[in-house]
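Take a look at the structures below.
In the two complexes below, subunit A is the common chain; its partner is subunit B in one and subunit C in the other.
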Partner chain A sequence: MLDAQHGAAPVASVRDLKVYFQTKRGIVHAVDGVSFDIRDGETLGLVGETGCGKSVTGRSFLRLLPVPPGIQAGGSVMFNGHAVCAACAGVGCGACGSTGRQAGRDSSVDLLGISSEDMRRIRGDRIAMIFQDPGKALNPTLPIGAQIAEVFFQHRTEELIALAGLPADTAGAIRRFASQSPRFGDGWLLALPGARAQRRQVEAALAKMVASALAETQVPNPVKLMARYPHELSGGMRQRVMIAQALACNPDLLIADEPTTALDVTVEARILELIRDLQQRRKTSVLYISHDLSLVRRISDRVAVMYAGRIVEIGATAEIFANPRHPYTRGLMAAAPSADTPRGKLAAIRGTVPELVDPPSACRFLGRCPHEAGACRSNDPALQVVAPGHSVACFIDHPAPSGERPTYDRVTA
Partner chain B sequence: MQLRDYILRRLMVLPVLIIGVSIVVFTLTRIGGSPVGIYLSHEMTPDEVAEIEARFNLDKPVWVQYIYWIRGIAMGDFGWSGVAAAPVADVFPLKLAATMELAFASGLVALFLGIALGTYAGARRNRLPDHLTRIVAVSGASLPQFWFGILLLIIFWAHIGIAPIGRSDAAIFASIAHPTGLYTIDAILAGSPTALWDAIWHLVLPSITLGYGATAIVARMMRSALVEELQQDYVDAARAKGLAERIVLKRHARRNALVPTVTVIGLTFGFLLQGTITVEIIYRWPGLGRWMADSVLRGDQATLMTYVLFTSVLFLVVNLIVDLVYANLDRRVTLGK
Partner chain C sequence: MTDVQQTRIAAGAMTADTAFRVRMRRLFGVLQGMASNPATVIGLVVIALMLVMAIFAPWILEPNSPDPYQMPRDWGAVRKPPGTPGHPLGTTNEGGDVLYGVIWGSRTSLQLSLMVVGSTMIVGTIVGSIAGLVGGWVDEVLMRLVDVFLSIPELIFALAIAAVLGPSFGNIILALAVVLWVKYARIMRAQVLQIKQHDFVDAARVIGDTKLNIYLRDILPNAVTPVTVQATLDMGNVVLIGATLSFIGLSEAGIAEWGVLVSEGQAGIASGRWWASTFPGLMIFLWALAFNLVGDGLRDALDPRTEGR
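The block that comes next holds the complex of A and B.
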């Protein structure tokens, strides 16, 4: 479809995604027909202001929306998982042709259609997520190590048993321990002399796996860190822990929902560097959600601009920043201050985001757009290709079914 | 170790607090009138009254009397109970055992049932189980114990006739030894199923009456705490890790929801203790509560002062335990300085 001409198979394809919320005022169209691809190994930046639906889009990949009041109104999120190369764990070696993925073991599923049990197996293993505020996304009552360990319990039971030196057909309380699915009475069973030794082995193997996951994020002294509680760490350290947890199982896709918004600028730079570094080594695809244009410009291969539940412009980062077509994208870029901006002169987009209850069949940017014309009031522009790999939803670049088309020259007051 | 230091420090403050409480108890009781009243009868002459007062040192200044009282306590003499017609120190342990058995039975039920109900309801917010639990909880918190207890008594004792009254069957009581004074434990020690069944059967109605309100309070607290925790980011983060909903609920949300609930559970203990008075009177339970009610009515000051002093100490200890549990659940809580 939109990005098909670019060859490489996308790791995920979102098609006409619609997520509505039932509220007292009516049904809010938080995400209203969003389509895009995330290509294998790329970073796609999803930008837009607060309330434009970017977080809801990101969370839809993991079905982490409250239902009710959320309504999955339609569309699909196809996920093409690739098995990670067994020889190099995604780093890239001769066996896999430096792709880090096993060829021919792709599985394609619609994340919105699978059972919740299948969804659970994908969460944290094939698709992981980093949250905005690491201080809130870590459980305050559990030590760091125990929280990361849960990912391994959940998705790496076999590896855990193998690493502990136990036979692969280990069953009973030990297996239940290694998969964090205890039954009533397992506590006593595991306290028996034989079982206790095996449990210790599993615990030791687990500690090894957790420590190496933490070490990946360049934290000093990972073993010591495992016993600490989230409140004892700085914001940057917490986010590193979150990243370690998210990347523990080598996911194909990482959803990063404003991971640096809660951090200060110097820490932000280091966290971004870390994410980029890990991503490049493991060939993980990243959906990077942010409201910060300059940040997205630094880390993304491609950028999608969201406005009022729609993607209004999508394309390669360089192309978008060199040649923004949608008036909203242009407005955003003009609003971002640079070193050249004179003091006290900050450009702003006039008006506020429209309420998304029963949106009319017109351009969503109507009323805030400086170039609006007759066509914008009676038609709803769809995303259309304006240049290779660059699509825009605005009549400025493609013909409108009826009415006068907007132009950049014509500025409405 | 930080924890051991903390416990030691708290225990060292304990005597100071007890002295303070004892002064308050003594003063308040003495404001209520002279303790000599319980020994008097209408036929006594003023001389005879003065003689009794002199015998019990009641003619001395009040502060001297206080010292006599404290010195007595230090030597294990809590005074003479006019109601029980025996030294307070002799009767107190027996009555205490009866009350403790009742309070523990209802307290444990309230603790586990309250947390379980609250978790169940909180995880199913605004659905049918939540509404049903709400009905149970609101009625539990608002039904007066004296009314609810008498209601149960009318139904199960007077009409159906299956519920017993009192604490045990006389014949069964006599059949086994009572080293602990807790009849259920005694029955287990004696290996007598009949006695155990008898003890439990006698406990059922009183502990339901006493525990209902506490269960309701704990359940409501647990429910609202859990609802709040389930909206936190870390719950979504736990789900994003691929954890089953059962683990998200038990290991993540419930653990955090227990933090505020533990405080309420500590307070509920006072609620239970206060409730024993009503419940013991209704079910003729031979515990502290009934003894206290009689002592209040007949001006048995030695018993009253012992009771208030004891419950104050109990409260201090329970508070210490609550603080320790609190710190263990939530590591952000720092003990002491």
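The block that comes next holds the complex of A and C.
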């Protein structure tokens, strides 16, 4: 539909996603019919102002929304994962180009339809997520190493046993230890001399895996860092730890929900660089959620602009920024101040995002839009392809601006 | 430090038992915080003395009756004032040695408070966790049940239960356990609900952690602090309420228990025989005070936001 001209199967396709929330005022249509693809190895930037549904969309991939009050009202999120590379068991080797994944797709599942156990297996292994505030996303009562180790316990038990030099058919308390599913009394079993030695081997293997995951994020002295607690680290370091944890299993898809919003600008730049670097080396696809246009412009291959629960414009980053077609996108770009913006003047889009309780059938941007056609009042426009790989949801065909920025209501501060 | 050593330390940090050791180090930090508050230190010292007294009671004052928890009766020395040879703190109307009652009473009190606080803490934590984690109608039902229990004043509720069950020390323990678990359920539910909202719980879900693991590693360790504080405070309160119930005759007569002893001595106060009630009463006061001081100190040490006095 949207990217039919593109050959390779996308890593994920969202189709007509609808997520509603039950509130006292009625049903909020937080995400209302969103469709897009995330192509293999690309970074898709998802931009929009607060409350437009971008985080909800991102969280839908991992089914992280509380139900209730959330309502999965429809649509699908198809995920086409790679199989783990058979030659190196996901560690990364020459055969798979150090991605740890086989070239072909092995599965295609609707993330909204699978069992919660299947979802749990995908989480952290094939789809990972980084959160906005790394200070809140780490458990304050556990050392860093233990928190990263969790991923390996859950998804890399076999590799852990192999790396520890134990036979693949290792069973009993040691296997339960390596998958972190201890039974009552395992503590005593593991204290027996033979088991104790094996446990030490598993711990050493685990430490190696955790250290290499941390080393990937260019932290100084990863081994020392493992015994640290989150509160002992700076924000940038914590976010590196989160990234290490997220990318520990070489996921196919990384969902980054405003990962640098809580960080200062210099750290932000380095974290962005890190994500970009890791993404290019590992061919991970990234859904980068942000409200910061300039940031999205720097990091993403394609951009999707969300407004009031819908995607209003999607296309290649260069194309969108050179040639924004939707009045909202244009408004956003005009609103972003730059160094040469005169002092005291900020171009804001007039009005606020409409209440998403029982949204009208009219265009959701109606009332804030400087343009208006008859059709805007009765129908909400669907995405239309306006140029190769560039779709816009607007009835009025806005031609490419001729060098001049469009004029919007200016608010004098 | 060599690399090998560092790797070993880091490997250790990965697993439960050494994470436990690291947590102990944090506990040590909390204890240091408590040690900086003089009131808490006094409380700790009093508690330590009480514990020594309770644990070593058989060595301090050897029992000469088959049941050591029964007051020995010396009918030859009735209503003797403190300082009487063989009865340093005097005797009661019925020839009970006040010193024996004071010392063995600490043992009774320790039993009472440990059993009541232990059982209520476990039951309350489990019920509160279930309510907070499952939510929905399960939460509704459990919390309405808790509301019913909370609507009746503690003392009166415990009194009613103990009275129905009949006068016995065991029944006092049971009555207090039935009454007090609701507090822990309330606290735990509130904690679980709050901690469930934290990003790190979502982050744990995102890496594919199991629900049990998330509860045990992310929610429970972050939720137990207020429960611990409440438990410390209750160690004192339980003895206070227990003594009240004993005083009005809801435990067996003649048992070596502070409340019983106070009640045994109260008839003599008007005639100037102050000692039989005063010494056990003082013990009840010290016990409750000490645990309250430590409980407050613990709360301050665990929460940097509460201002220390």
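Rule of thumb we're sticking to: the second predicted complex is superposed on the first by the 377 of 413 C-alpha atoms of A that agree within 3 Å, B and C clash if a C-alpha of one lies under 4 Å from a C-alpha of the other, contacts with A are read in each partner's own complex, and residues count from 1 in each chain.
The rule is simple: a residue touches a chain if its C-beta (ideal position, glycine included) is under 8 Å from a C-beta of that chain, and two chains touch if they have at least 3 such contacts.
Every value quoted in this text rests on a predicted model; they were computed, and no experiment measured them.
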item: Partners on subunit A (subunit B, subunit C) - clash or fit; value: clash
item: Subunit B versus subunit C as contact partner of A:S13, first or second or both or neither; value: neither
item: First, second, both or neither for A:S285, with subunit B first and subunit C second; value: neither
item: Which of subunit B and subunit C A:H231 touches, first, second, both or neither; value: first
item: Touching partner for A:A137 - first (subunit B), second (subunit C), both, neither; value: both
item: Which of subunit B and subunit C A:D125 touches, first, second, both or neither; value: both
item: Dominant toucher of subunit A (residue count), subunit B or subunit C; value: C
item: Partner chain in contact with A:L62 - subunit B first, subunit C second, else both or neither; value: both
item: Touched partner set for A:N250, first subunit B, second subunit C, both or neither; value: neither
item: Which of subunit B and subunit C A:V151 touches, first, second, both or neither; value: both
item: Superposition clash, subunit B versus subunit C, among 45-53, 63-71, 189-197 or 297-305; value: 297-305
item: Footprint overlap on subunit A, where subunit B in one structure and subunit C in the other make contact; value: 62, 64, 120-125, 128-129, 131-133, 136-142, 150-151, 154-155, 180-181, 242, 245-246
item: Subunit B partner contacts - residues on subunit A that touch it in the complex; value: 59, 62, 64, 120-125, 128-129, 131-133, 136-142, 150-151, 154-155, 180-181, 229, 231, 242, 245-246
item: Subunit A-facing residues of subunit C, complex; value: 3, 6-15, 17, 19, 22-23, 198-200, 202-210, 213, 217-218, 221-222
item: Of all residues in subunit A, those that touch subunit C in their complex; value: 62, 64, 120-125, 128-129, 131-133, 136-143, 145-146, 149-151, 154-155, 180-181, 187, 199-200, 203-204, 206-208, 210-211, 223-224, 226-227, 242, 245-246
item: For the subunit B and subunit A complex, residues of the former touching the latter; value: 232-234, 236-244, 247, 251-252, 255-256, 259, 329-332
